[in-house]
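Can you keep this structure in mind? I'll have questions shortly.
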Amino acid sequence: EGHAEEVKLGIILGYTGPIESLAGHMADGAEEAMSEVTESGLLLGGATVTPVRADTGCIDNALATSNTERLIAEGISGIVGGDCSGVTGAMLQNVAIPNGMVMVSPSATSPALTTVEDNDLFFRTAPSDAREGEVMTEVLMDRGIESVALTYTNNDYGKGLADAFQTAFEAAGGEVTISTAHEDGKADYSAEVGALSAAGGDILVVAGYLDQGGLGIIRAALDTGAYDQFVLPGGMVGDSIVENVGADLNGSFGQIAGSGGDGAAKMTELGEAGGYDGTSPYTPESYDAAALIMLAMQAAGSMDPADYGPMITSVANAPGEEIYPGELAKALQILADGGEIDYVGGSAVELIGPGESAGTYREIEVKDGAIETVGFR
Amino acid sequence: MRGVGLYLLVGALIVGTGLMQGWNTALLILNMGLVSAIMALGVNLQWGIAGLFNIGVMGFVALGGLAAVIVSMPPTTEAWAAGGWQIVGGLAMGAATVVAAVFVWKRAPAQWRIWGTVAVVIAGFVLYRQVMPGGMAAVEAVNPAGTGYLGGLGLPVLIAWPAGGLLAAGAAWIIGKTALGLRADYLAIATLGIAEIIIAVLKNEDWLSRGVKNVIGIPRPVPYEVELQANPDFVATAEGFGLTPILASSLWVKLSYTMLFAAVLIVLLVLAQAALKSPWGRMMRAIRDNEVAAEAMGKDVKGRHLQIFILGSAICGLAGAMMTTLDGQLTPGTYQPLRFTFLIWVMVIVGGSGNNFGAVLGGILIWWLWVQVEPIGGWLLSVVSAGLPDGSLVQERLLAGAPHMRYLTMGLVLIFVLRFAPRGLIPER
Amino acid sequence: MTGDEAEPMLIGDMMTGGYGKGADILHECTIAVDAGQIAVIVGPNGAGKSTAMKAVFGMLTVREGAVRLDGEDITALTPQDRVAKGMAFVPQTSNIFTSMTVEENLEMGAFLRRDGIAQTMEQIYELFPILREKRRQAAGELSGGQRQQVAVGRALMTEPRVLMLDEPTAGVSPIVMDELFDRIIEVARTGISILMVEQNARQALEIADKGYVLVQGRNAYTGTGAELMADDEVRRSFLGG
Amino acid sequence: MITVETLVKSFGGFKAVDGASLTIAEGSITGLIGPNGAGKTTLFNVIAGNLKPTSGRVLMQGEDITGLPPHELFHKGLLRTFQIAHEFSSMSVRENLMMVPAAQTGETIWKAWLSRGRIREEERALAQKADEVLDFLTISHLAEEKAGNLSGGQKKLLELGRTMMVDARIVFLDEVGAGVNRTLLGTISDAIQRLNRERGYTFCVIEHDMDFIGKLCDPVIVMAEGHVLAEGKASEIMQNEDVIEAYLGTGLKNKVAAQA
Amino acid sequence: MTDILNALVVLANFVLIPATAYGAQLALGALGVTLIYGILRFSNFAHGDTMAFGAMVTILGTWGLQSAGITGGPLPTALIALPLGIAATVLLLLATDRFVYRFHRAAGSPPTMFVIVSLGVTFVMNAIVRFIIGVDDQRFADGERFVIRAREFREMTGLDEGLAIKTTQVLTLVVAAICVAALFWFLQKTRTGKSMRAYSDNEDLALLSGINPERVVRVTWLIVAVLATVAGVLYGLDKSFKPFTYFQLLLPIFAAAIVGGLGNPVGAILGGFVIAFAEVTITYPLKKVLGYLMPESLEPDGLVQLLSTDYKFAVSFVILIVVLLIKPTGLMKGQTA
């Protein structure tokens, strides 16, 4: 009793730099999970969980590693982060692994990270690109669409998803008329939209972020009348896009990681109550990342990364009772009582192979200015 | 004197960091500080000594990083078989086109010159487009999630450091030949643009550098921590010092880097000082002061500019290779001008442009600030906002803004240093 | 204003000072000119002639001594205020706006004037006909002597009460130089005081009412132009034999 | 020594030099005079490689040197000074002189690293030479001063001093006298004569001071409106009606006298 | 015949109109940069963030107006809030000048010093904007969004291809034209304008002509504030407001100003259009256009694209360098030295 009064968790994300507008919401999501656990008073016999934020700049490997090293010196017991794949790799190789620290990234999707010798220390709650590419192909094929134009945000997530999708789609007999990158945060996307339009295609697949270049592309495409329907992968699905684009988005569809339960809806509610955007990309994943760490600690009965690291997969996967956002207290209790849980969370977490998420997907469609779930895959 | 004092101050900052935040953090900051100092030295050579306003530092640093991949990663044999030689052929064709075009431009009779050159370029471009894309696609198709690029030469990564310098020097030669005639501000924006083009190539030419998919796991010149932790001898020695294996191993790895980097920095510094104090340095200063007069006094201004542009860029390339080695990965998406060009400039100017010791000091000091401002700023903000009612909008804004303190502080430091020591902390002479 | 010895219109009285925090360059140096008169300063290179002119115009701090215009102490005024008080100055170097046309240069000379400037400009074009030809050309593209004419023209445009010229004839051809001296005499006749530095010392002293020889920031000889011309020592050491 | 063949240099539509042809004989001190804007400086700039001619050729001892860059001409022994002084303002006066000689060992970067001893010796010799020149120009007390802080005339002297640091074959002086004290100008003129006689320098001198030209130069070339108006001995030129009308004027003396 | 019309409409819709609008946006930004360079003689890196600041204040004002029930009818409400944004930006710039730049002016610092100082100012403004409004995307456009929509155009003309023109595009173009004309007239013809040029040419001599340097500097910052705020707001209306993109805008803006010739307002406009058209045309695939123009048998299979959009801004820099090599002072003669 009382042997663990305080558990510090690092939330190391790019609060400045290219995805600064996402990082704040992500951190809020992770902190939500932590305060939920603290309030429950159930973790390791009543420990409080204290979040410690540090910046990666998203693009600054050296800054990210220094900050991670600093937090480790401050005595954190786990890391939610990093965000961009580049810095995540650097943090992992140069700090986390040498120090034996557990790191759960909510957003780094680079397949290259799969192959790192991570000693059971690195996990991701972001779904794998390969799986999403297949799901997206199914969605399109079921709707009878066989020719698409494709644009992706020029980073490992966008590129990875685009590659995976193109392979799957073409294998299924579809045609990708053009696959072209867009840079986030640029001033103007007329050239990209011009090219996408000229190449033709029944619909435009936008593998980007809903408040970055992806939004810019959709706006410009609608404005010029180049496309009026879009396929929206996970990074593009969220309330803000419907708000920002308006009625013109009606009829667009896509998919986002999420299971039969209403994890994502719960996240939205939590976000509304907590004053942040629960639908912002990777916010549910961040909540889940934090939750997994704490649940694993509970399952291992220890806050030592060496002890709880190996438990992460078991709390994330079946068998056990399904756990959704807002139910962490329940989960902690079950674990304390020696039961088993299957954490689902806001992003339908399912860890496969080398610690990656392979969840189910929720197919969505925009109807009357709102995102509606039309099925699961 | 002031210089010695400032160096002591920087030393104290690093030691203080070690005492407060752990020696791992301190060494990490010092290592990157040393790399930054080398970059600052390169920029200082170009700006402080020759007056060349190069804000394309990022591009040369990135080329250094590319060198680390090309030299040290294992070659992807399937990719070579699939389309590697076709790419080599395509590149050769491109190079041949350029050479032929230049030849026609220089040698052809006047009436044929323009059209001949245009024809050669178009023909070359068409041929190139016939050969290159096929090879690229074939290479990129080889296990795109894992490799999808040609790989490197599989040589020891230390070789990549001079190679990075050479690669950057080569690029600098081409750039210098075309752009060095431009006036200060114009040269600046041209180099800025060229750096962006280099990054665009790294991001989009997957066959070369895996593009935005990143290359990770670049070999190290020093042992891996986990290896050390598994080595009984090492563990025993560490325990002899009263250190846990984890701490000892990570400290030892960082110290090894520190020694390597410090050695490079010292060699460069000695060479740079010797050059600066020689008649060569005097000539460069004369050129900086008045190009027309220097030219009339028999100095080959263009040639000298090219020389120092190449030297400075090579140093940046060297530092870039070192940095990529330290990171263990090449991530083209991380190269942003704010971080890799402007921050280096801040180092040079704050340290004292024209003075090599100033540039080195600026490099380490500003890097320390860059990392430490956030915790300091967060602490300051929490003190300030503690007095505010909980959950108030202002408090929320302030706390959310903590990471931006870094920009604020960098800005203020820059403004104040330039206000009270306009020629930098250790001014030229 | 007291005393029987009437105070000159413009006087830099016992000025001591230098550039920034550097050593003093002027040492108790006195320069004065009366209404409608011409005063000429001569001396070896680096004697402090230009420095004295700048001191009188308020372009460097005078640590001791004073500058008075019509008996009023103007030591503390900015150069701008001195322009407003009717002083004009042609510096020795960088004395034109190189990127502006000749005509705009002249207009800038008349910046503080609110009356019509067309007539003055016409006079200047008559004085320096080449400028009329080149009036739409950027002044930076002119030859050395032409620039000098623009510089003097710009100062004349102010219609000043005191005109200060630092080597106005450097680099101008003999024929223009003659014209220039002519015009300076004429200007002086209209009641304007002229204070100038000259290396063409013999010609300058011929038309000078008063001459100053400066050596190392001090007044070495002072007298009427004719007196200085007659002094053998002065001739040999400063006027070139 | 130097032959200029029907040289034209135009700026936009304006021909600053308009078909000028002239020869500067080896060993002479040739004067070049003419009204403001006659194209003298432009002619210098073309010969010295600072401007590319629109048409025409420049020969140096029969070799075509048209359009060669200034630094190459320097190595052929062709030096010039600037009408508007071009000092190295943040360097000391002595350094301004020491940087001039070509082929200094220490100017090659790797030699600067390797041959330290040899460089030290060369430097000592250079510094001594620079100090001699400064002495001659009466500004040795300013050796350590930054050149930017010199007075207008002193900068002109420094310009001249630079040409004395090396063994030039031909030196173009663009109004060295403007702004220089007349007494000192006399000394300079002696020096030019000495360099000409003892070391065989050829000079081409632009100057508006007729005493200076008259005493020093033979022959004198008069330019006007971009071409050569007259050429001959100084005494002849000063009697030439065309030259008097275009350039010399009838003199101030008479006017002053008339007005008095 | 309809094929030709269709081809023309496609080109207009995807090349002409977007490039013109983008060009006008760049031009407005470049105008500010070029003015600072022309008068105060340095490249102001803080201009992007100045634009962000002006836009931010205007947005706050717009929200205020909207919640008070005031709107601009068919035009964006932000136009009514513009004066507020301008006023705040004027104050910010004057304060910056007073506390930062003035010292360096008095000390006679070289231009590069100013460039670096402006970098410091950039960092600070960056932080101020983020502290106040945060890092998120903000939308504040209201009023009529389109002059004509693609769908409407298709219905109207019966063509296969649509043509869309946005209100903000027209607005930007008109404002850019007015700004450059006004600025040109001001600098070339008015006394104050000429005194500003004189000041930039030779500060000491301007002093000797009785020009008040501090006044020149104040007027310059004033105009810059107007230009920056207008540019920032129009850009935000057309796209959206996000602080990060405003810093990113700096690069094409500088490219535009330099291609046009730094210091020359007409050049800034020209440069903006050159850069925008280059980016859009060179990367535009001609497949669709040729599809209309060519007989069926000759229709191209590929995209007929000169360069992939990946390298679109490489295009602007290649153009920049080529222009500078041929005309070292930019298309319109920029300032020398």
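Labels for the chains are A, B, C, D and E, by order of writing; each one numbers its residues from 1.
Note that a contact is a pair of C-beta atoms (placed from the backbone, for glycine too) under 8 Å apart; a residue touches a chain by one contact, two chains touch by 3 or more.
Remember, predicted model here, so these are calculated numbers, not experimental data.
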Identify the chains in contact with subunit A as well as subunit B, in label order. E
Under the touch criterion given at the top, what is the topological distance in steps from subunit A to subunit C? 2
Which chain pair is joined by more contacting C-beta pairs, C-D or B-D? C-D
Whole-Å distance, C-alpha centre of subunit B to that of subunit E, is 31
At what distance in angstrom does the C-alpha mean of subunit C lie from that of subunit B? 55
From the mean C-alpha coordinate of subunit A to that of subunit D, what's the distance rounded to whole Å? 74
Where subunit A and subunit E are represented by their mean Cα positions, the distance between them in whole Å: 36
Among all residues of subunit A, those touching at least two other chains are 17-18, 20, 24, 154, 181
Residues of subunit C that touch at least two other chains are none
Counting only residues that touch at least 2 other chains, which ones in subunit E make the list? 130, 134, 308, 310
Would you mind giving me the full set of chain pairs in touch? A-B, A-E, B-D, B-E, C-D, C-E
Within the complex, which stretch of subunit C touches subunit D? 19, 43-47, 49-51, 92-93, 130, 141-146, 148-149, 167, 170-179, 181-182, 185, 199-203, 206-207, 236-241
Within the complex, which stretch of subunit B touches subunit D? 271, 274-275, 278-283, 285-286, 289-290, 292-302, 307, 311
List the residues on subunit C that touch subunit E in their complex, please. 57, 59, 78-80, 83-84, 88-89, 91, 94-100, 104, 107-109, 111-112, 140, 154, 158
Where on subunit E is subunit A touching in the complex? 10, 13-15, 17-19, 21-22, 25-26, 130, 134-137, 139, 149-151, 153-154, 162-164, 166, 235, 239-240, 242, 244-245, 248-249, 252, 276, 279-280, 283-289, 303, 305, 308-310, 312
Contact footprint of subunit C on subunit D as seen in their complex: 11, 33-42, 83-84, 138-139, 142, 149-154, 156-157, 175, 178-186, 208-211, 246-253, 255-256, 259
